[in-house]
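In order of appearance the chains are A, B, C and D, and numbering begins at 1 in each one.
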Amino acid sequence: MVMTTSSRFDAVRRHTLALAAPLSEEDCCVQSMTDASPVKWHMAHTTWFFETFILERFERDFRPFHPAFRMLFNSYYNGVGDKYPRPQRGMLTRPALGEVLAYRRNVDERMAVLLERSGGDSDLDMLLDVGLHHEQQHQELMLTDVKHLLSLNPLWPAYTDAGFTPASPRAPLGWRTFDGGVVEIGHSGEAFCFDNETPRHRQFLEPYALASCLVTNAEYLSFVEDGGYARASLWLSEGWDWVRANELMQPMYWRRHEDGWREFTLHGLQPLDLDRPLVHISFFEADAYARWAGARLPTEAEWEHAASGARDFGAPGLHPTAEEALQAARLSQLFGACWQWTLSSYAPYPGYRAADGAIGEYNGKFMSNQYVLRGSSCATPAGHARVTYRNFFPASARWQFAGLRLAKSSG
Amino acid sequence: MVMTTSSRFDAVRRHTLALAAPLSEEDCCVQSMTDASPVKWHMAHTTWFFETFILERFERDFRPFHPAFRMLFNSYYNGVGDKYPRPQRGMLTRPALGEVLAYRRNVDERMAVLLERSGGDSDLDMLLDVGLHHEQQHQELMLTDVKHLLSLNPLWPAYTDAGFTPASPRAPLGWRTFDGGVVEIGHSGEAFCFDNETPRHRQFLEPYALASCLVTNAEYLSFVEDGGYARASLWLSEGWDWVRANELMQPMYWRRHEDGWREFTLHGLQPLDLDRPLVHISFFEADAYARWAGARLPTEAEWEHAASGARDFGAPGLHPTAEEALQAARLSQLFGACWQWTLSSYAPYPGYRAADGAIGEYNGKFMSNQYVLRGSSCATPAGHARVTYRNFFPASARWQFAGLRLAKSSG
Amino acid sequence: MVMTTSSRFDAVRRHTLALAAPLSEEDCCVQSMTDASPVKWHMAHTTWFFETFILERFERDFRPFHPAFRMLFNSYYNGVGDKYPRPQRGMLTRPALGEVLAYRRNVDERMAVLLERSGGDSDLDMLLDVGLHHEQQHQELMLTDVKHLLSLNPLWPAYTDAGFTPASPRAPLGWRTFDGGVVEIGHSGEAFCFDNETPRHRQFLEPYALASCLVTNAEYLSFVEDGGYARASLWLSEGWDWVRANELMQPMYWRRHEDGWREFTLHGLQPLDLDRPLVHISFFEADAYARWAGARLPTEAEWEHAASGARDFGAPGLHPTAEEALQAARLSQLFGACWQWTLSSYAPYPGYRAADGAIGEYNGKFMSNQYVLRGSSCATPAGHARVTYRNFFPASARWQFAGLRLAKSSG
Amino acid sequence: MVMTTSSRFDAVRRHTLALAAPLSEEDCCVQSMTDASPVKWHMAHTTWFFETFILERFERDFRPFHPAFRMLFNSYYNGVGDKYPRPQRGMLTRPALGEVLAYRRNVDERMAVLLERSGGDSDLDMLLDVGLHHEQQHQELMLTDVKHLLSLNPLWPAYTDAGFTPASPRAPLGWRTFDGGVVEIGHSGEAFCFDNETPRHRQFLEPYALASCLVTNAEYLSFVEDGGYARASLWLSEGWDWVRANELMQPMYWRRHEDGWREFTLHGLQPLDLDRPLVHISFFEADAYARWAGARLPTEAEWEHAASGARDFGAPGLHPTAEEALQAARLSQLFGACWQWTLSSYAPYPGYRAADGAIGEYNGKFMSNQYVLRGSSCATPAGHARVTYRNFFPASARWQFAGLRLAKSSG
C-alpha cells in the first residue's frame, strides 16, 4: 500500500495524539528522570523539528509560531542555537498542553500548504522522511517515558485499561546456525533509512548460532533465583559495580510481593507472565544472563545477517507478547516484541559520513559508549522498523523495552 | 471580630483554593526543587493533616478517604508511618488535581460534622488551631514554591495579571535605640502559638539599636555594584564557599538586562523597583551586606523586644511594598513586607518541651543548622503573624520572601 | 611558673616535633579526608604562621625561606593571597618531610634573633601569643588527624606502644544545680585569649543542673543496645538523615567483634573500656543520647558559669581516662578528658569585633552552622585550655575527642 | 638473545626497583586519584600476584609473608576474596615502604627456590609469563601514576634530572594505503600473549589509509588555536559535555604561560616541544582532532594489519621523542612513542574465552565502555610490546601516554 506524502504525514501526526489521549495534562507535563522527557515536550519537539528544519527553510514569509519555542523545544542541535536544559524539561508548565496542541495544529496546517505546493523537491522529501521517522522514535519514547513516570507512583496507575491476558507457552528454544563468511550489512536502495545504517559494507563473520526466540521471564527468573545478582563472576566489572551501587536484584519493573512476582506494565501492575519475553533490562544484565546461560550476545552484524529477508515487523502493543511469528531464517520474535541488546558498541560503519549542518547532528555524535540494539519492540510504531535499523542506548539503560536473544560461536 | 471555629475553618480552607485559582493543573503538579513542593501536594497535605490528626482520632467510624493517601501526603511525621519520598512529590500526576479537590471537599464536610458535634473539646480545639495555622504556613509556601517554578521558565509567566506599580520613595533610614537589660521573650497567654515560641523566659540584652526600616533594593544594589559578591572579606567562610560554588552575583530573582536590572516577581518580570524592600536573599547575603554596611543582623531577642506592642501585621500581597506603617517603637515594616533574617540559630528556648506523639514532630526536631527569621511577609496570610513567631530556614535558603533589617550594638 | 617568651616559644615548637616523632615520613604525608590535614602540613603551616604574620612584618630584610611556601601552606587566609586547595594537601610529597623540618629550624632561628632584639613590642607579643596558641591547636589536630588516618588501615597500627590499662570505675553520676540569674561569661583581663571569647558580657540563665561527670562508654552502650540508632524519635531531623545516609550504628571508632566491642585508639585496637568517657561522637549523637536519657545538652553559658573557678586543666594523654579530679563547683572531668558538645551554635558574643587584616580571619568568619564545644581533651596540650575557651565543629564532626556532659533545666 | 626463566624474572623484578629509585618514601605512598595507585602499592601488588597465583599453589608448606597482604594488595580479583578499597590505596602508610621491599625480597627468594626446582611445569610457566607481563604493565603505570601525582604539585618536581633536549623536526606526514579484504588479526603461535589477543581470526577491511607518523604537538596546537575546544560540531556529544563540565582547553599536561606553552613531563616543566608527538589526550580529544583534520581514527584491525611485520618496538624513555624508525609498511612511530587511540571499543574477539578461576578475571571482565589503544609508549618496558597487543582505557582517560595516528577510508 502506497501512501501519499500528505496522508503519511497526517497518519504519523495523528498517531502521536492518539498515544497521548489516555493521559491527563499532569501526566503529560512531568519529567520523571533526566533520561526521559515529558509527553508534552515530545509533542512540541517533534513539531519544532518540522518547523525548524522544513518550514523555516521552505515556507514563504516564515514566521515562527512563538519565537521562544525555537530554544525551548530544541533537544540537542547545537547548530540551531541555544537549548533549554534537558533536566528542566519538566519545569515547563507553560506553554500549557493546550497551547502545544495549538502549535501542532498550526504547524500541521502550514505543512499541508507546503506539501501541496512543493511536491517533488527532493531535499524537502528527504527532510520530511527524517521528520516522520523522528516523530515515530518519539512515539516510542512517549510510551517508555510515561511508563517510567507512572512506575514511580505507589498507586500503580495503568496507562490503558485494556485487558492483559496471559500468553500461551512459548515453543522450546532452538538454535539456528549460520555459516558466516563475508556478508553484507547496512542499508542500500532508495527507501528511507537513517544515516547510521549506511553505507552498506562487507564484514567477515565466523560461523555462529542464534537462539530461535527471545529469553522469557521464566528463564530469567531462574537466573534471579540462582543468585544471578549476587555472583560477581557472571558480570562485567563495570556491571558488577553498577549492580552493587544500585542494590539491584531484578529487572527494572519486577516487584517481589508476598504472593509472588509482579511486573509493572502499561496495563498496571500485573502478575509476572512467565511465558512473555523478558524486558526492561540493561546491557549489563543481558550480558550477565548470557554468561550464566553459557552463551553470549550476538553482534549486530550476526543479527542483521540472520534477520535479512524478514518481512513481518510485528504489530504494536503495550507489552511484549509471546507470539512467535517466524520472521526470518526460522527465527521468531525478531520484531515487535522487544529490542535486543547486541555485543556491538555503537560506532560508525566504514565510510560513514554525517550530513552537513544541524541535521547532521542526528546520529553520528552519539557514537561513543553506547550499545546497539536490534529489532523493534511492542512500542515501535507500525512502519518504523527495518532489518538494518540501529537503535542504541548506554549499557545501564533499562527503561526501554529491551530484552535479549542468545548467540553462540559455532564452527 | 470573633469568628466561630467553623467559620475560621471555612475561611482558611477557602483561601487555599483562592491561591490556587490562577494556576493550571500543570502548574499545580510540578515540583521545581527538593525544597519546594507542588501546589497540589500542599493542598492534599494540609487536608491530610486534618484527616490524620483530627478525624482519625475523633470521627466515629473513621474510614480514610483513600488508604494510600496516609503515606502519600505525610510530610515528615515518622510517628505516622511511611512517607512518600520528598524529592518525588512532583511525580504524583495521580491522584489528579480534581481528585485532590474532592479529597478536600470530603474532609471539609466530615470536619463540619465533627465541629458541629464536638464543640468544647480542648484537645480538638488545640489540634484544630494547629491545623489551621499549619495550613496558613503552607499557603505562604504555595506562593514561594510556585514562584520558584515559574522563575525557571524562560517565558517568565506571571502568577497574577494585577498591576505592579512603582513604590513611593522610602523615608530615610533612622536608628532606634533600646536599653536592653533583662527582658522577657516568648509567648504567654491563652492565644494560639506554636510550641517553639514557648516558654516565655528572660534574656539579658546589652544596649542595641535597630534600623527603622528594611534594606531596600537601592541600598543592596550599591553593595552589588561595590563588588560585594567578589570580596571574600565581607563573607562568612561558608557563605563565601557558597557564593563561589554557585557563581552568585545578585539576589535570587534579579536579572541583569542590557537596559538595566529586572526582578522576577509573581507579577512577572518587572523593572527592579529601587524603593521596595530587598527580598529573596540568604542568611549569608544578609550577613555580608550587614558587614559591608558597618552593622550586623539583630538577634531574635532584640527583634522581639523591639517589636513588642506591635498591633499592625500588614496586609498580604504578592510582592513587598515600600509602605511604612509604624508598627512598634517607631519601627516600620516589621510585618507584611518580608521575613527578616536574625543572627540567632534556631534552638529550643530554655525549658522548651515538644508535645508527645507524632504532633510533637512539628518543630523541635528541626532545631539544628537553621536560622530564625522574624516578622512576616507579603505572602503571609492575614491572621497568621505574631510578635513571638519564629520562622526558620537554612542559611543558604533564598526562595522565601526574606530580607533584612540592620542592627548595631550601642552603648 | 613564668616562662620567658623565648622559652615558651621553644617549648611549644619542640612539642610539635615530639608529637611527630613516632610517625614515619609516609604517616606524616598522607591526608585521610578533607577535614583532616597531613602531619607534615600541620608542621609547615604553623611555621608559615610565624613567618607570614611575624617575620614578614618585623624582620629586617625579610626574605622568605621558599617563595612558594606562602601559597602552599596558607590555610584559609584570603587576605594573604592564594591558597593551595585544602583537599589536595596530601598530594604534597614535595617538599619532603626533611625540608619541612629545615623550614621549621630556619624560622625558629630567625624568630630567636627577632625575639632577642624586639622584646616589649606589644603587637609582636600579641601575634606571638596567637602563633603559639595556634600551634597548640594544630598539635591537637595532628593527633586527631593521624588517628583518623591510622583507623582506615586494616592493620590497626598504634601511634604509641605505651600500655593501655583499664580505668577504675567511675563514681556514680550526680546532678549539680545552679541558680542562674544574670551571669557574666567571656574573657576579661590581660591574659591571652582568642578574639571569639570576647567581650565579657552578661547573660540571663534560668536555673539549671549539670551532670557531675561525663557520659561513659557503658552508659552509651546502653543507648546503642536500646536501639538508639534505629529510633527516629530520638534524633533531630537532620541527625536522623545523617544516621541513615551513613548507615551508622555506633560511635566512630567502635568496632563490633564476635567477642565483644573494641575501640580504635592511638594505642591501637583495644577492648572497649566501659568506665572511660565516651568519645568521638557528633553533636547529633550527643543530642540523641541526651534525649534518650531524659536530659539535654548544656548551653555554653551554663557550662562556663558552672566551670568558673576551675584551676586544674588536666594532664594530656592519648585517650581519655576516667580520672575524676573535681575541677569546679563539684564538677569533675571538665578538662583533659574530652571536649563537650553544647547546645549553643557558634555565634559572635554581643559586641564582638574581629581584628583588622588577615589575622582577623582567625575566628569570626567561621561563625555559622557550627556548634560550640567546651572544656578540653586528652589531646589538648598543657597550657592551652581555659574556662572561656570556645572550640567549634560542625554538627556531624566525629574525628575530634568529643563527648558529652548532660544538663537539665531545673527550677 | 634467550634468557633463562630465572634471569628474566630477575630482570623484570629489578627494573621495578630501578623505576622507584628516584622517588622518596612519600612519593611512593600517595595516591593522586582513584584511577592511579601509589608506587608502593604497585610494588606490593605485583609481588602479591606471584605469591597468590604461583607460590600459594606450587610452594611446599606455603605460608604467606603476611596474612593481611592477601586482602590489602588484591586489586580486583573477586575470586581471591576480599579487597581493600581502591580509592583508599593511598591511606596505607603501613606497611612502610621498607616492609614492602622486604616482601619483594622474600617472594623473590621463594620464587628462586621454586623456579630452580620446578622447571618445565607448563602451568607454572604460563603463570610466570602472566606475572612478568603483569609486572611490566604496572611498571608503565608506576610512571604514569607518579607523573600525575607530581603534576598536582605547584613546585613542578621532576622525576628525573636527565636532560630534555628538543627533538629534530619530523618528516612531513604521508599517507600509506592498504587494500583491505579478508585479513587475519589476533595472536597465534607459542609466544606469550594475553588472552584478549586471541583467538586469531578473520576480519574484512574496506580499503584504508594510515598516516605515516603520529600527530605532533605543533599540529595539535593548530587545532587548539583554531578554537578546537570551543566548537561543539567537532566533538562527540559525550565528549562535548566532558569538555564543558571540566572546562578543558588543552591537553592534560599543557600549561599556558605568559611567554608561551609549556608541558609538564617526567623531566619537569618544559617548553612545549612542537616536533614531539602529542601525548596525554583522551579518546574524545583524539576523535575531535581527527574530525577537525578531515580524517578519522583507525580501527584496531586496520592498525594491526598495517603494523604486521614490525620488528622494532622502540627504546623506553620518559617522554616520547620524535624519532622516526620505520617500523612496518613504511609506518614510523608504531611503537615506543605513545599509545594510539583507535575507533574500536574493547570487545571480545569472536571465539574469545577467558581462563577459568580468578586468573580469568584478568581481561574479559573489562570489556565494556573502553576503547582499544595500539602500539606502545616511551614508558612501556622493553620486551613488553607486541603487534597484537590490546591496551584499553575509558574514553576520558588522559593520564596515560596516549596520542593518535590519523586514518582515512580510501577506495
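Convention: a residue touches a chain if its C-beta (ideal position, glycine included) is under 8 Å from a C-beta of that chain, and two chains touch if they have at least 3 such contacts.
Treat the numbers as computed from the prediction; the structure is a model and nothing was measured.
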In terms of touching chains, how many steps apart are chain A and chain C, taking the shortest path? 2
If you average the CA atoms of chain B and of chain C, how far apart do the two points sit, in angstrom? 37
Could you give the separation in Å between the centres of chain B and chain D, each centre being the mean of its C-alpha atoms? 59
Separation of mean Cα positions, chain B and chain A [Å, integer]: 46
According to the definition of touch, which chains form touching pairs? A-B, A-D, B-C, C-D
Give every residue of chain A touching chain B within the complex, in rising order. 24-30, 32, 68, 71-72, 84, 88, 90-97, 149-150, 152-155, 157
Under the definition above, what is the set of chain C residues touching chain B in their complex? 76, 78-79, 182, 201-206, 208, 232-233, 235-240, 283-284, 287, 296, 343-345, 347-348, 350-351, 361, 365-369, 395, 409
